[in-house]
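We call the chains A, B and C, going by the order they appear; numbering starts again at 1 in every chain.
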Amino acid sequence: MAKKRSRKNTIKQYAYIALIVSGLALVASAVLGLFKLVVFLDLYTLPNEQWLNNSLYISLGLIFIGLAVYALINPEGVRDFFSGRQGRYGSNAVITLAAFLAIVLVVNMWAYATPKTWDFTEDLQHTLAPETIDALRMLREPVRAIAFYTQEPAQIRELLENMQSNSNGKFEFEFVNPDVNPTRALEYEITSDRTIVLVMGDRRETITYANEQAIVNALMRLMNPGERIVYFVTGHGEHSPDQSGETGLSRLSTTLTAKNYTIRTLNLLAENRIPGDAQAIIIAGPAQPLSPEETRLIIEYLDQGGSLILLSESPLFTGATDRPDPLAAHLATNWNIRLNNDIVIDPSLDQVLIAVSASYGDHAIVQNLQTTNTYYPIARSLTIGSDSADVQTTVLVSTVNRAWGESNLDEINQGYPQFNAGTDVAGPIVLAAVSENMTTGARVIVFGDSDFATDSIFDVYGNGNLITNAVDYAAGQEDYITLTRAERVTRQLSDDINQGTILMLGATFICLIPLLIVIGGIASWLMRRAQG
Amino acid sequence: MRNVWTIASREYRHYFLSPVAYIVAFLILMLAGILFVFQLKSVQDMTYQGYYPNPPTAANSVIYPTAFMMLFAAPALTMRLLSEEQRSGTLELLLTAPLKDWELVVGKWLGAFMYILTVYVITLIIPIVLNRLVVPGIDIKATVAGYLALILFTAAFLAIGTAFSSMFNNQFAAFFATLITFVLLWWVVGWPANLIPAASGFFGYLHAYAHLTSMMQGAIALKDLVYFLSLTAVGLFVGTVAIEIRRWQ
Amino acid sequence: MIRATGLTKDYGSRRAIENLTFEANQGEIVGFLGPNGAGKTTTMRILTGYMPPTYGTAQVAGFDIIEESMEVRRRVGYLPETVPLYPDMTVYGYLKFMADLRHLPDPDDMIDETLEIVGMTERADGYISNLSKGMRQRVGLAQALLHKPEVLILDEPTIGLDPAQVVEVRNIIREIGKQRTVLLSTHILSEAQQVCDRVLILNRGRIVAEDTPENLQARLMGAERAILTVKGDADGLAALLAQIKGVKNVQARPDGGVEFQFAPGMDVRPEVARQTIQAGYDLLELRLMGLSLEEIFLELTRDSKISK
């Protein structure tokens, strides 16, 4: 006993150290708090307030911890401090409880600030892809993600927390409710809910379709900045990027601007050249075919590895059937994409003139659209040739098998279009395709419709996403990285299960097992009754 | 620790004589059984029609319903732990035995915990059967995570119940105080999290439901573990302090 | 042994016991005697470590009840007033549970031994819920005796027992009291008189008297009492006795006798006998009448003027 007691005293002898720590922390907190006040009153501006906040929290925490440790080592000391002998047990209990709660609080604050998660799913649904972790490791400057969500989705929070914990403190995030905090939304030019803005220094990247891949690629773009200039060709009645309203492309151009693109217009006839800084040129729904001269400029541009997006309208619709289209001819011969003079009839919807995506190809442009439809009012069909030595063509969007390309305008006008095997193109109809020249790196993306990108239906389902992805790809800004991750395991009910199995399981789980419990209960009751 | 075990094993055996314990086991197994079979049936119907919905998981058919049931079962299981000892006078025996207060409280809690774990072991039949019904088998790691979540959740809520039982002499007072606390942690704390954005982190963290569901989906976060373990520790600590306060009142 | 110094316990503003100082030595059976609410149970609960005193402290079996509560509890056997039993357990199961809590080295032997002492060997496997009141009391006693405690504290150990059982339990206690320290509380005076080596009389939280039953009795006898019985009519006898020197407080009893008091050490009995016979009465009986503890108890608690 004597030994035990003396050891107890030894620990108690050092309890004052905890008090000293606590006292020092108190002084530090006071100084930091004063400093914080100065900053808060805008008397002095710090480049980064974070360290100040952190040290303030740490010193406040230390006050608590110091007092708690002291109270735990030497509760009598605290008790004597607070009261005489009367009620000492009460104060003792209160003090120990307070000390205990303080420690629990600190531990929980630490856990809250430490986003460590173990993934217990077979297919690692909650784990970042190795590419994401690499990208986060490559971060040199801190990146802040501001997630504008009116309703905070758990998966996005989990993803961002996961990224934060893998970033060595370089990646941070916050959720902002744009309804509650409209000024923040305005500051970051947020036009739609569920948008994440990544900020690195004075650069920003906006992500509208947030998932792991999108965020990683936005990070990569932040790390590799460069001027991104795209030109919209004018002079043939194209949709204008500056114009808002039904036929304008203002939604597209604001989206692109938010993604750090510079949007310019280009009149080929007037300029007679394609500027060297053009990362892509976009011809958005010309009412008239381009002239041979303009086509030549484009061919030269493509030969130097340029990129072209053509949103083409059917001549049956524009009325330009009689005019030769040298650009279309060039695409058919050199890029394996033939534009047909027809209008797509798609029975998927009641309005058969609106073509609907039924399947997407395997390509970066449509990768995030696999579960989202896109709509193309009055489209023309494309026919894809076989790949040549240099040029590789991929179908992006196609319709259902029942759709066809109607070449007889009269049938449409009469309201009873019919598929004629000889003249009409049979479904499934290709609505969009991409060709890439493997030697020069030139990229050509052709859509058999231009309306889908206009303001009127830009926000309908995946339309806006598709055209934005296409511009990214054309400008060489497509996702740098495709995430490789463990294949999602698809699980199904075994085919062996029939009504009989279900009945048997029902009998077991709803009748037998609960019944056994009831029997067990009654048996134990009877046994006790028998004994008593 | 030996004393904890002595108290816990007496308590554990006592549950097998208690009607409340049988009712709790019956309700948990019945609810899990019904949900399991009906989920299976609806998935099988849809599979028959050519859809391929995700098959039921242990989380949906056992773990979540059991956790939900525990909101009501845990207060019923813990209400008598110490208040009955007080009523029958045996508390005086335990408080004058060479037994530390915390050993008594932890032992009582452990007895209840071991009892409910026994019931949980019976529910394991469902994932085992499910594993045979699903191609290529259920996600065993995720199921383990789900059960871990359930066990931690149960530990925490039983500890809260034990604390209230050592505070109140009246079993019903202990029952309702525990139930109210559970309702607060399970539902109510979630509301201010959405209403007051500034404090959403704080209230969101207190929300037991959020911690449970995220763990059930196979993501075991450090904060979830710390949350439930802290709740357990606080419950047992408060229970111990309540016993100490009893002594000098 | 027990050594209490200045034990005081407040329940809120009510003072349950005040400044109790007493001792109980090894091989001694000490009785707490007092009316309900005198503080007997409170004192026992403090000594067993159930609750701490507000002021003062005590040494039990050589350990301080506040600082070394665990050591005290290990060495004390305690039978509370409400016998603490789990009805759903068997007698053996209950004692095994207590043996486990007390970390007894060979519990089965000790349980058998204890059951033998309390005479419950036959009922070891019976459920406690089926036992009679007396048997339950014995099981409670067995629990207190199980670990062969140095100090045994029994709160009203014979309450609610039938006379035969009372005798048995008292015999058990006396037997144990030969080697150990026993502190028992009772409000039955004959019990204290029969069982205890020493009695402490408690009233309103204070010790109003402490001594052996015999000494207490003697100390209270500021006057000795005697009773005189004669054959036939006792008229005038009271008046006669009142004239004798040293005789006080003469009272005629309804049964025909006369009761009187005299100062101790001044035995007036020969004179009384002589005078009675001389007056022509037929003297049948002249005997001393000791004060019963009951009377002492009443006397002491009526006004607590007497203290040690």
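Of note:
One rule holds in what follows: a contact is a pair of C-beta atoms (placed from the backbone, for glycine too) under 8 Å apart; a residue touches a chain by one contact, two chains touch by 3 or more.
On a predicted model such as this, the values are computed, not experimentally measured, just so you know.
Ranked by C-beta contact pairs, the top interface belongs to chains A-B.
The central chain of the assembly on a C-alpha centroid basis is B.
Annotation: 85 Å between the Cα-based centres of chain A and chain C.
Spacing of chain B relative to chain C, judged by their CA centroids, is 51 angstrom.
With centres set at the average Cα position, the gap from chain A to chain B is 37 Å. Residue positions of chain C with contacts to 2 or more other chains are 52, 88.
Shared interface positions of chain A, defined as residues touching 2 or more other chains, are 89, 528.
Residue numbers of chain B whose C-beta contacts span two or more other chains: 17, 247-248. Chain contact summary for the complex, chain B toward chain C: residues 2-3, 6-7, 10, 14, 17, 88-100, 247-249.
Of all the residues in chain C, the ones that touch chain B in their complex are 11, 45, 48-52, 70, 73-74, 76, 78, 80, 82-89, 97-98, 100-103, 143. Within the complex formed with chain A, the residues of chain B that make contact are 16-17, 19, 22-23, 25-26, 29-30, 32-34, 36-37, 40-41, 43-44, 47, 52, 54-55, 122, 125-126, 129, 132-136, 138-142, 144-145, 148, 197, 201, 205, 210, 214, 217-223, 225-227, 230, 233-234, 237-238, 241, 244-245, 247-248. Interface residues of chain A, counted against chain B in their complex, comprise 89-90, 93, 96-97, 100-101, 104, 107-108, 110-112, 114-123, 125-126, 154, 158, 161, 177, 180-181, 489, 491-495, 497-498, 501-502, 505-506, 508-510, 513-514, 517-518, 520-521, 524-525, 528.
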